[in-house]
Amino acid sequence: MLINCAAYQNGSKLGDIPVADISEYLTRPECFVWVALFEPTVDEIDEMAKEFGLHPLAVEDARKGHQRPKIEEYDDSLFVVLHTLEPASDAMDSALIDGEVDIFVGRNYILSVRHRTQKGFGDVRARCEREPALLRYGSGFVLYALMDTVVDRYFPILDTMESDLEQIEEYIFVRNTARSNIESLYALKQKLMLLKHAIDPLMEATGKLYGGRVPQVCAGMGDYFRDVYDHLHRIHATIEGIRDMLTTAIQVNLGMISLSESEVTKKLAAWAAIIAVPTMLAGIYGMNFKHMPELDWTFGYPLAIATMVAVDVYLYVRFKKTRWL
Amino acid sequence: MLINCAAYQNGSKLGDIPVADISEYLTRPECFVWVALFEPTVDEIDEMAKEFGLHPLAVEDARKGHQRPKIEEYDDSLFVVLHTLEPASDAMDSALIDGEVDIFVGRNYILSVRHRTQKGFGDVRARCEREPALLRYGSGFVLYALMDTVVDRYFPILDTMESDLEQIEEYIFVRNTARSNIESLYALKQKLMLLKHAIDPLMEATGKLYGGRVPQVCAGMGDYFRDVYDHLHRIHATIEGIRDMLTTAIQVNLGMISLSESEVTKKLAAWAAIIAVPTMLAGIYGMNFKHMPELDWTFGYPLAIATMVAVDVYLYVRFKKTRWL
Amino acid sequence: MLINCAAYQNGSKLGDIPVADISEYLTRPECFVWVALFEPTVDEIDEMAKEFGLHPLAVEDARKGHQRPKIEEYDDSLFVVLHTLEPASDAMDSALIDGEVDIFVGRNYILSVRHRTQKGFGDVRARCEREPALLRYGSGFVLYALMDTVVDRYFPILDTMESDLEQIEEYIFVRNTARSNIESLYALKQKLMLLKHAIDPLMEATGKLYGGRVPQVCAGMGDYFRDVYDHLHRIHATIEGIRDMLTTAIQVNLGMISLSESEVTKKLAAWAAIIAVPTMLAGIYGMNFKHMPELDWTFGYPLAIATMVAVDVYLYVRFKKTRWL
Amino acid sequence: MLINCAAYQNGSKLGDIPVADISEYLTRPECFVWVALFEPTVDEIDEMAKEFGLHPLAVEDARKGHQRPKIEEYDDSLFVVLHTLEPASDAMDSALIDGEVDIFVGRNYILSVRHRTQKGFGDVRARCEREPALLRYGSGFVLYALMDTVVDRYFPILDTMESDLEQIEEYIFVRNTARSNIESLYALKQKLMLLKHAIDPLMEATGKLYGGRVPQVCAGMGDYFRDVYDHLHRIHATIEGIRDMLTTAIQVNLGMISLSESEVTKKLAAWAAIIAVPTMLAGIYGMNFKHMPELDWTFGYPLAIATMVAVDVYLYVRFKKTRWL
Amino acid sequence: MLINCAAYQNGSKLGDIPVADISEYLTRPECFVWVALFEPTVDEIDEMAKEFGLHPLAVEDARKGHQRPKIEEYDDSLFVVLHTLEPASDAMDSALIDGEVDIFVGRNYILSVRHRTQKGFGDVRARCEREPALLRYGSGFVLYALMDTVVDRYFPILDTMESDLEQIEEYIFVRNTARSNIESLYALKQKLMLLKHAIDPLMEATGKLYGGRVPQVCAGMGDYFRDVYDHLHRIHATIEGIRDMLTTAIQVNLGMISLSESEVTKKLAAWAAIIAVPTMLAGIYGMNFKHMPELDWTFGYPLAIATMVAVDVYLYVRFKKTRWL
């Protein structure tokens, strides 16, 4: 589905143009074309490939989708694959939807193709059009703006994960929460890996857009792409931190489970003793020997009961002291 | 066993040729020979080595088989070892068969030798012959086509592993599944390591087929080999992700086992108490003291039973509340 | 809030100057301006950005705060982000407050912006002014002095962590301390990760301020920045050491928990046996068979009791020997 | 002990020569001397050092022995230390004997010194003498032949480890094998580390014998040393794979232990219940109340026994269903 | 405290000289001064700094002590920090004393400053003076001799650790040693980390003293410093090996604890059954039913006892078979 197709010159919009005219605008100097597609049909992609003269391998990737994040250079054009993560709209479910944005960038064109994402880039286009001074940089600046937006949208996801971790950490030393803690920790790890797979390859690739030899398209925008890289690196470091804490938290949780079992065993042992001792005494006075003088005492019975109570009180106090109870 | 032996010129097939004529075709300009062997005898390999003038170390490797995946450069020729993974045909068994493809590539020839694999490369040959424009690149393109095919065949294997993991993850928090979970996790890890050993060395080697200095044979096909590298990298990243989750899953499973034991211990303790208390009371009233007034009461017995029941109901409710039962 | 704004020439202070005059001083040769802000308003930052001609991306970072530690080069100026860690003033709480210092450095100016920190850099300014020979190096030396101070302030934090670890280690093999040990270990790990996130990216960045190509501002001060790097590296190595020991300590603590449970189980088993055997004997002599000769013996009862005691003494001694008791 | 001392020219053996003549042969063009020592005395080493003019640091290393595997360049000569691993001859013991081979190689000589190894290099010498075309390469080829042989001898060791692991893996999920499994896994890990310490430093060093700048002695033999490197890399990768599986196997074994304990606890609890309930009932009918109507019933006793049996059958079936029994 | 202060020329000692004359000797050609201090006062250090013209940052480090091991280049001089590890003299205590040696080396001087160490470098000086041929290399050779000595002194420490590990490994599968094993393993890990912190940064730094660009002072001594590096690398590899085995050993020990608990639980369960069954039978025959024919049998009692014994023998044999007892 075609979302947008517009031509820009010297940082300002010339207007929306029909797809068929794209190749014409591409020949004009200082002019570039910006097209946005959403879940396009095979025909739409093929048409774009023809208009812009895209590389067949990149087109095949865009057609198949499900690429890992990457930035590939084909002659003087770039093929960029970004992953988007969006919380499922259903508020009940905390799952993340793993979308994809494929971007083709050449000297005088930029084509973005969105898959499985709800949020578009209308705001990016609007922001770019409000800043003609920067938009004059051409397609390279638009690429920066798109990447910056996608990366910035990772931060709330990451913040949610950090606060999820903090929430679990609060419960980790609370008794009887082991099962739910361990489920939460595992679910968090799953989400974290999703984010990690979106971030890591992209960070690696973005590192080549500034510094030494950079693709022609990004020339002169090194500070901007370094800023994107910096954000990615920050997310990466935070992910690694969370991963490390998750591993520790799972280990600690295991410790808490063992500890709680240990406490149950102690309690079990203590109560078993408290019940077993009177049972043994009762058993003794239940024996049928002819000559058992205590049985004939007037206060034999109360004395026996008193002994039982005394022993149990003693045991109870002692177990309390050693914290078995 | 000789599967195929054909000569190609300018991207189109000249026809199948007898093995003895190979050396003649190798002298023609713009012409290359493509030979496919399947589990060849020593004689067949030696004949090929003579016709193509292969390097003795490479030939020895091909003869012995069981090489690790690699790409070696001998003067202006390449020796490529790929591993194939195929599910055992027996549907009962989920084991993977670890096959091997050795490829010798020179300026004007390509020789593939398959070991322990069922699936051949007939489809690759057919595809190549349908694309004369690309086949004109010569033996380098055929190498790409073979590698691309082998690598693409890893994806369904990897997908199976991912869905296996997801399936285990669903059961990981279900009670009484610990034993089968842990067996499944271990089996998955074993299969994963097999894939990892096929992928990792190959990825490393493929990284040298594009970018800076590349072997003569691959010249001008950098974008294609980078595409193969990219697929390998994606598989590699997914493997690492699965490995990480597997480690966590095993740890979590361990936690679930401890947890379930802890729950059993609590139940045991609770029921032990519920049974032990009436036993103790019964023991007391089974004592043979002469003077035990309760024994003579008309309602002594029902009262004793009532007390027992009351205590047990109280314990039961209390254990229910603290979730020991 | 403006803390300080002064101009320096040839290593000595010219005096405090109004903000509006900054741009004038910047044109004087051999002169540089040093400004310190504390939690500035947006307007204050914008004013500074105008006076010093700061790069918009750096200004945006300073405005938003919460950046990861980094050193970025914009043309001939640097943008440095440092994290400060201060123990919360409340003596009860051992939490660390994670503050931030953003520093803009150019050939002839240095601007520091503090966020969420209590301790300022008054002492740095005083020390610099006492060493005119070094201050003559200009803004690069002030940058060194600020970084050196921030890094030196990490050491007491790190020392506290090391002594915390040592304290926990002393308790780790003491019985009945598992729960508090594991909580302390986890809390220490959390604090350690905070420090790690402050240190690691900074170390990486500082490594580029000496050696090969260094930013203009730091030229000729390589030995000093290497000294800062060296301190950071030392902290880094110590953190890694503590992390490694923490992982081991948690694992060992887990072992102590299992061990202590194992000991409880043994004790439980031993006492259970000591109580159960007399109960069984009593049960036997409580049977109602007509013909039980022992029951009629005069010394039957004392003999039965003696047997019980003898068995129990034997069991007790044996359990003591095998260390179950 | 001198094993062998021979001179070679143009790839064929001139004959065995006395040690004293070595220096004479070294001056002849196209000629090289190959000496093999086994656990030499200090005097023997010193004599060789004088004849060949070896570097004092290398000689000191060879004299002391117990070096880590390495390849050191001294001017235009190499000093190579290899470790050999041989199964102890005593068939009972699966321990590995860690031997050492020190090799001094110069343009026109090669000296090998074996320590603590049973297997010599007679077969290498024989093979070399059968291939004069390769032996013409001189001492560099002999070095390759020795290294290749030492490395090839690692493979059966590695294969044994792999089959050991497979054997343990078969038992890992079998009940009541935990103790022997864990002992086997630990012993395997110990052996693996021995191999790892022999392989890793050597692999690193061998990587410098081909490709870019190589020592004079190895010039022109890059393909051969790369082949050795390739074998080492393959062993290295397999070791890492085994290590990874060992870690997982130990973890899984831990899980199986917990699981089996959990099953014992369940069984214990189930049987405890089955025994405790009749005991409680018997206790009740053993009470001495005057008015217990059931006691006078003719079928009181059989009814009581029937109740007990009924309850126990019910419990047994239920425990069977929930798999506690 | 000044230990030694001597001048050397052409590899032989000129004699001990007063500190005040140092600067004079420094001007003589082919002459160098070697000073050794032990825990010097601030004044002594300052005097040396003046005589030799040491860099202020290095002097400050030496004054403060507690530096991490490092090698820093200041113009044409080096500042080297080494850590020494000595077993505490008190034979009871196996702790290691972490000492420090700071070395300042210039073209014509070498100054060593020892802190917290008992063993001096008198033997190094004696050895150097016995080898005038090597001492002619000047201060660079002395630096090598000092580093070589410090590094060689690590080996007995490392050997102790290896034999400690072997000793623990022997006990790891012995029953009832878990607690002492785990304490020993932890203590070993602590000592190992101490050594690791002494070795790792030094190894990294020493790697820069040979090969490509080396400091002027070390020129021409590459083979010697590579030898030191090689020793450090060997220690490093051994440390990593021990660390790896320690982690595995702790894990395995954990397994042994679980296993031993599992065995206790089985024993507990078995004995509980053996005691509980006769108790239940006794309870049944202790019931007070009027009509219990067995009670009137002449051989009722012996039969009951026989049944009890028979059941217990059966249980005992069965538990023995299943290895619960």
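Lettered A, B, C, D and E in written order, each chain numbered from 1.
Following the convention adopted for this analysis, a residue touches a chain if its C-beta (ideal position, glycine included) is under 8 Å from a C-beta of that chain, and two chains touch if they have at least 3 such contacts.
Everything quoted here is computed from the prediction, not taken from an experiment.
Touching chain A and chain C alike: which chains?
Intersection of chain A and chain C contact lists gives nothing.
Count the residue numbers both chain A and chain B use at their shared interface, divide by all numbers used there, and answer same if that is over half, different if under half.
Different residues, largely: of all residue numbers at this interface, under half are found in both copies.
For chain B versus chain C, what separation do you get between their C-alpha means, in angstrom?
Result: the chain centres lie 40 Å from each other.
Per the centroid of Cα atoms for each chain, what is the distance between chain A and chain B, given in Å?
Roughly 25 Å, centre to centre.
If you look at chain E, which of its residues touch at least two other chains?
251, 254, 258, 261, 265, 268, 272, 276, 279, 283, 286-288, 292 - these are the residues of chain E that touch more than one other chain.
Can the chain contact pattern be summarised as a line, a ring, a star, a complete graph, or none of these (other)?
ring
What's the ring order, kicking off at chain D and moving to chain E?
Following the touches around from chain D to chain E and onward: D, E, C, A, B.
Quick check on the complex: what are the chain A residues that touch chain C?
169, 172-173, 223-224, 226-227, 230, 233-234, 237-238, 241, 244-245, 248-249, 251-252, 254-256, 258-259, 261-262, 265-266, 268-269, 272-273, 276-277, 279-280, 283-284, 286-292, 323
Of all residues in chain B, which touch chain D in the complex?
55, 57, 67-68, 70, 72, 74, 176, 178-179, 182-183, 185-186, 189-190, 193, 196-197, 200-201, 246-247, 250-251, 253-254, 257-258, 260-261, 264-265, 267-268, 271-272, 275-276, 278-279, 282-283, 285-288, 292, 294-301, 304-305, 308
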